[in-house]
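What follows is a group of structures, each given as C-alpha cells.
Shared chain: subunit A. Partners: subunit B in the first complex, subunit C in the second.
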Partner chain A sequence: MPPTAVPASPRSPSPGTPYDLLLIGGGVIGLSAAWRAARRGLRVAVADPAPASAAAASHAAAGMLAPVSEVTYTEEPLLRLGLASLARWPAFAAELAADSGHDLDYRAEGTLEVAFGSDDLAVLDELAAFMRKLELPVERLTGRECRRLEPMLAPAVRGGLLAPGDAWVDPRRVTRALLAALERRGVTLIPARVAGLERSGEAVTGVRLAPDGGSPDGGSPDGGSPDGGVVRARRTVLAAGAWSGAMEGLPPEVLPPVRPVKGQIMRLRSPEPILRRCVRGSVHGSYVYLVPRGDGELVLGATQEELGFDTRVTAGGLWELLRDARELVPGVTELEVADVVAGLRPGTPDNLPLIGPTVLPGLSLATGHHRGGVLLAPLTAALLTGEAGDDEGEGLAALCSPLRFHENPRVGENA
Partner chain B sequence: MDDLIIGGEKFSSRLIMGTGGAPSLEVLDAALAASGTELTTVAMRRLDPSARGSVLDVLRARGIKVLPNTAGCFTAGEAVLTARLAREALETDWVKLEVISDERTLLPDPIETFDAAERLVADGFTVLPYIGDDPALARRLEQAGCAAVMPLGAPIGSGLGIRNPHNIELIVEAAGVPVILDAGIGTASDAALAMELGCDAVLLATAVTRAQRPELMAEAMRSAVRAGRAARLAGRIPRRRYAEASSPMNP
Partner chain C sequence: MPPTAVPASPRSPSPGTPYDLLLIGGGVIGLSAAWRAARRGLRVAVADPAPASAAAASHAAAGMLAPVSEVTYTEEPLLRLGLASLARWPAFAAELAADSGHDLDYRAEGTLEVAFGSDDLAVLDELAAFMRKLELPVERLTGRECRRLEPMLAPAVRGGLLAPGDAWVDPRRVTRALLAALERRGVTLIPARVAGLERSGEAVTGVRLAPDGGSPDGGSPDGGSPDGGVVRARRTVLAAGAWSGAMEGLPPEVLPPVRPVKGQIMRLRSPEPILRRCVRGSVHGSYVYLVPRGDGELVLGATQEELGFDTRVTAGGLWELLRDARELVPGVTELEVADVVAGLRPGTPDNLPLIGPTVLPGLSLATGHHRGGVLLAPLTAALLTGEAGDDEGEGLAALCSPLRFHENPRVGENA
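This part shows the complex of A and B:
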C-alpha cells in the first residue's frame, strides 16, 4: 500500500474490532512506527501512561544522527543500520513536518570530531584510517582548519575529522510532532500501563491494561472489551525501551535481553548559537559531544552508566560533562543551565536493536536501540511497516532480528 | 602449567582481565572466553550489582570470579567505602585496591593506597593493591598483609609496555606473595615479558577491549602469558657476547 495523504478512519468501525497494530510504548520508536503505519492506512493504537514524557530515553537524547562519526571497531553492523536510517531521515523529517505542522530543527551540516591532546590525535588518526577502510566520506582537518569552521573551539584542539553527511534533530520536537501527526491521523492513544499480554494459545492477541490505568476520554479503549481493560490487535509491538526487558508475562524465550544504560545530559542556553554544527571530542581519552540548536540551546552529553533503573542526576556526572566540554569549547561556562536530566537507554548485548517478529505469532519487538533510537527511528518504522521490503531491507532486518539471541544463545539470557 | 594461588585460591589461568572499554557486552564476552581468564576485575563505581544484564551477568554466566576494584577513588576513605559496598553486594572479600593520584596519569597514590590497604586487611579483606613499580612499597604492602601486589608496567591505558623491567624484577625477587603486572600492557610481547621477568600473573583490559579485533587480541594475550610463564620455568640461557655453535664442532 503506498503512503497516502488521506487520514485513516479516526474511530473504529465497531467496538471490539481489533486494531491492525498496537504499540506498547510511546517513545520515539513507538510513535514513529505508529505514525508510519497510520500513513499506510492501518488502524493503530499506542499504549503508554504518558507518551513522549520525560521518562522516555528520547526526552534526554541529544538527537545526533551521526552514524559516521560514531563508528567504532567491531560495530560495522550498527554502522550499516545507521547509514540506512540516516538516508531515510530527510524524507521522514519533511513528511513529519508536513503531517504535524511542526518544525523539527532537522539540520544536516555534519559532525566535527576533534582531538584535544596528542594522544587523542593519535586515536583520531587511527579512526580516520578505519573510516577510510570502510569507505566513509570523512575529511581530516588540522586544528586551525577546525577552528575556522568553529571559531569557539579551544586553540588547544589539535585536529579533527569532518563527517559532512551526519545530521541532527531535536528529539523533543520530534516526539511532539509525532503526537500531533498521530492525532491528525486518528491514532488512538491509550494512556495506561500495559499489565500483560493477551494470548490465544501461542498467538498474542493484544494486551491487558493495568487496573488504574484509565482509558481515553473516560470511555473504554477503542478496540478493547468495555469491561476488562483489554485491547485487541492483530499485531502487537513491544517498544517500551529500557523497560522492555521487564515486561510481565513474557515467556523467557521472548523476553528481550534489554538493560537500562543511564545517560546524564545537560542543556545550556545562549541568545545565539555558539556552534554551527555538532562537535564531538575526545579529551584525554574521555568523550563528550556538543549539539547546537537553532534557538541557542546547546546540549552536552552524555555519561554511560550501568546502574539499573536509576535516573538520579549526580554532581560527578555533570562535572565530567562540563570539564570535558569546557576543554573543547571554553565559552560553555558562560551559558545558562536550562535543563539537566538522566535517561535510560535500552542496551542490548551486541548494541544492535531488536526489531521484528518473535516466536510468538502476533508479537513483534522494536526495542534495544541503545544510543541510537532517534537515528534509527525511521528505519525501525520502515522495517515494522514493510516499507523497507527490498533486498537491503531484508539484510538489515536480519541484523536486527529478535531471534538472533535465541538461535545462538550467548550473553544476557540467564540474567 | 603450574597453578596460580592467590589468597589460598587456585587458578589455572594466569591472565586476569579487566572489563573497561569494551564496545559491547557481546564483544566483551567473546574476548573473555578467548582469554581463558578465571578472574576478572570490575569497577564498582557507577555499577549497580543487582541490575539485570550487566557486565556482572556476563562474568557469572562464564563462571569467572569477580574481582571488584575501587577505580576512580582518590582517597583511602572512598576506597574503603567502595570496597565495603562491593563486599556487601557481591559477597566477596576480595578487592583490587586502586587509589589514583590524578586524572591525567591515573598513577596510584602510594600513601593513600597503603593507608587503605592497612584498614582493609584489618577488616578481613583479601587485598590486591595496584601500585607503582616501587620495590620498597611492594615489600611494605606485603608486610601489611596484602594477598598480592600489582605493580604497573606503565600508566593505565597507555599501552607503553613495561617501562622499568629492572624494578619489576626487584619486586619479584623480594616478594613472598604473587606479583601481578597490572596496567601498561599494549600487545602480546609485553605480557610475555612480564611473565619472563617472573611475574605470577598479568592483568590487562584496554589492550584487548580497544583492539580492532578484541577477541583475537585476547587469544594472543592468553598464548603470550602461557609462553612467558613456560619460558620463565624453563630457564633462559645466559646472554653471551659471542656465538656458540649449537651443534658440536668436534665429534
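This part shows the complex of A and C:
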C-alpha cells in the first residue's frame, strides 16, 4: 500500500466529515488502536501534544511480553488477557514491521525466572505448583541448569523456572514504528492537548482542544482558532494512560479509576548482549528483571512506587535496581549507564485494564493497563476495532469493561 | 578595572609580540594560572579546544578543600601543599568573585569525617592520633555528637572527626567564573588542540596548533592557516591534566609521568540542603563523601579506577557510591538524580603534582594534581606567577618540581 498524505490541518475539519475514530493519547495503546483501525479503512485521528514521547509509560517500559512468568495469585483473569494478547503479538509485530519498515527487536525466546536466596526458592516452588495447576508450560530448573542457559548468572542463583513461550520487544521501537505506520496509513496526528469532550445530549461527538494548542514547541498550529478548536468523531477513545483519570470535564460516571504507579528503569549498554533471554528474579523477596536487546542494551527494571504524578529519578530507585540486578548477574556492574528514566503506569483497583464502551454513547476507554500496556496493545486494539473473534472477544471484553466499576453499587445503596 | 577586549585572531599573532605566558589546557589549573598572570599585567593565552568543559577533571570534581580530613600516612608533603593552598583560598575566592561577578558557593564550615562500623572506628582513632601528632586542629566526636552537628546522619554512625578549618567550593562555578574573569582581563582563548611544541634549539618558543583547529564546532577558525598555525610565547605551561602525559612530540626528559585515574560522581538534588557541611566517611573500609551546595545540590563521590582513558559511567560505579552514601545518610535515597559523570584525574607516581620549570628553557609543567586540582589551584597559580612568597615558595616549589623524576638516575646507571 502506498503512503497516504496526511490530511490538512485538523483544526478546521469540514463540519460534515467527523473522524470515524479519535484517540485521546498517543502512547502504545492509542497508537496501536489507531493503526489497526486505519488498516480496516477507518478515518482516524490521534490527539496528543507529543505522541510516543518520553511522557508515555511505554518510553520507560522494558517490553516484556511475559504473561506466564508474571502470573500472580488471584489474577487469572489478567493471565487470560495476557495469553490472548501474546498470541496476537507475532502477527502484530510482522504486520507492523511491514507497514512501517522498522525492526521492532521482537524476540520470543522465553523468560527465565530465577531465585536467589532459599526464601526466594521456596516462593519459586510454590509458584511452579501454581503454574502447573493452571497448566502453564513451564520447566523447573536447578541453579546449574539456569547457568547453562545463561552463563552470566551468579553462582548464588538457586534455581529457576523457564517460560519458553514468553517474548519481548523494544517498546521505543514499537512506538516509533507505529508513528511511521500511521503516517503511511493517513492517520491524522493532532499535536494538541484535549481540553474536554464535545457533547450532543448524552452522546459524545468529539473533543475540544486546549487554546494554547499544547504543541511541543508551544506555538499555535496553523488554522488554530482562539479557543483551540473542535475535533469531531463518531467514536472517541480515551487512551491517556495515567492521566486518563485526571481529564477535566469528564462526568463522574465515566471517569476511569486509574492512578499513576511510578516505575524507574535503567538502560545499560554493553558491546554485545550478556544475556540471551529475559531474566526475572527475586532477591530476598525483591523483584528485578533484565531485558536484553539485540544491540547490547540491557534494561533493568523496575520500581513500583505510589507517589502520584512524580517522575523524578531518585538515588534510592537506582540503588534498588542495581542492588538486586548485580546479585543475579554480577557482570552488570561493568556496563555503561546509557539512561535512567521514570514513567507512570496507569493502575486500576483490580489490576485489569479498562477497555470498551462507557455509559456515554460515542465514548470508549482504553486505559488502566498498568504494567501490561505493551503486552496488551494488540488485544486492546483488536477489542476496540472489532478484530477480536466473537467467542474470544466477548469473554475478554467483559473482563475489561469499564462498566464494571459503575454497575455494581454496594449492597444497601439505592435500596 | 574595566573589561578589556579580547585580541583579534590568535592564529596570526604579530611575529614580534609573543605572549608572555601560554597555557596548554583550560581546566581549573590552566585557567587559574592564566587569570593570576593576567592580573599581574602579563599578556596571556590559553589553548584548549573547549575550556572549562565536561572533559576537564574539575567538571567531575566535588570541590572539597579538605587537606586536613584527607591527610594520609606518608603524605605529609601533600598536606603541606594543601594547607598552603587552603590558606590562599579565601583571598583567591574573593578576588575571583569580584573579577568575574560570579558567586562560587565557597564555604569554610569544616569537614566531618565519620566512621560506620567498628572497623571504621578503629581506623578513625588511629587517624586521630596521627593528626594530633601533626598538630592538626581536629576534634574527636562521639556518634551522638556527630548527629547533633548533622541530624541526617544514620544512627549507625559510630563516631567522627571534625576538621573545622576545611572548606569547599563548587568547581563548575569556579571554572565559569575564571572564564568570565579571563575575558575581563583580556586573556586570549584559543579554541584549538595543541599539536606540538615550537622549538628554537633547546628553548621552547610556543606551540603548533592542530590543523583541524580542534574547535568545538569542528570548523576552521578565522585566519587559521592550513597547518593550524603557531602561537609564540616566552613561557609555555603544559596544564593538560591527565592528557599531559600523552602529548605528541614531547621529548622524554620533559614528558610528565601522569596517568588517568577515573572518578565517577553523582549529583543529587533536594529542595533544600540536607547537610550543613561536607561529610566524608568510611563504610567497612570503603570511602565516600557528600558535598552540599547552597542550592540543595548534593554531590556523592567518588570512585578511583585505574582504567586508562575510560570515561564511561558504569552501573558498578553508581552502585558503589549509593551503597556507601545511603549507609551514612539514609535520606539520600529520596533525592532526585540530577547528573552522573566520570572524569579523569592526573595521577603521579608519588601523588604530588608537577609544577614548575622543566629542563627545556621556556617550558613549565602544571599537572599531576590528581584529586587536588581545585584545592591546589591558588598555590599552583602563585608558584607559576611568582606570587608565592620567597620563603614559602622555595620549599613548596622544590616539593613539586618536575625535575624530581629526572634528576635521580638509579644507582649504577651512568656509573
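Going forward, the second predicted complex is superposed on the first by the 376 of 415 C-alpha atoms of A that agree within 3 Å, B and C clash if a C-alpha of one lies under 4 Å from a C-alpha of the other, contacts with A are read in each partner's own complex, and residues count from 1 in each chain.
Here, contacts are C-beta pairs under 8 Å (C-beta built on N, C-alpha and C of every residue); 3 or more make two chains touch, one makes a residue touch a chain.
Because the structure is a prediction, the values reported are computed rather than measured.
Chemist: Which partner does A:Leu322 reach: the first (subunit B), the second (subunit C), both, or neither?
Modeler: second
Chemist: Going by the contact rule stated at the top, is it subunit B or subunit C that touches a larger number of residues on subunit A?
Modeler: Ranking subunit B and subunit C by residues of subunit A touched puts B first.
Chemist: Output check: A:Pro171 vs subunit B and subunit C. Expected answer is one of first, second, both, neither. What do you get?
Modeler: In the superposition, A:Pro171 touches no partner, neither subunit B nor subunit C.
Chemist: Could you say whether A:Gly82 touches subunit B, subunit C, both of them, or neither, answering first, second, both or neither?
Modeler: It touches nothing on subunit B or subunit C.
Chemist: I'd like to know which partner A:Leu335 touches here: subunit B for first, subunit C for second, both or neither.
Modeler: second
Chemist: Within their complex, state which residues of subunit C touch subunit A.
Modeler: Spelled out, the residues of subunit C in touch with subunit A are 266, 268, 300, 312-316, 318-319, 322-323, 325-326, 332-337, 340.
Chemist: Applying the document's contact rule, which stretches of subunit B touch subunit A when the two form their complex?
Modeler: Contact set of subunit B toward subunit A: 23-27, 29, 46-48, 50-55, 57-58, 61, 103-104, 157, 210-214.
Chemist: Touching residues of subunit A toward subunit B in the complex: what are they?
Modeler: Its residues touching subunit B are 72-75, 130, 245, 257-260, 284-285, 303, 305-310, 347-351, 410-415.
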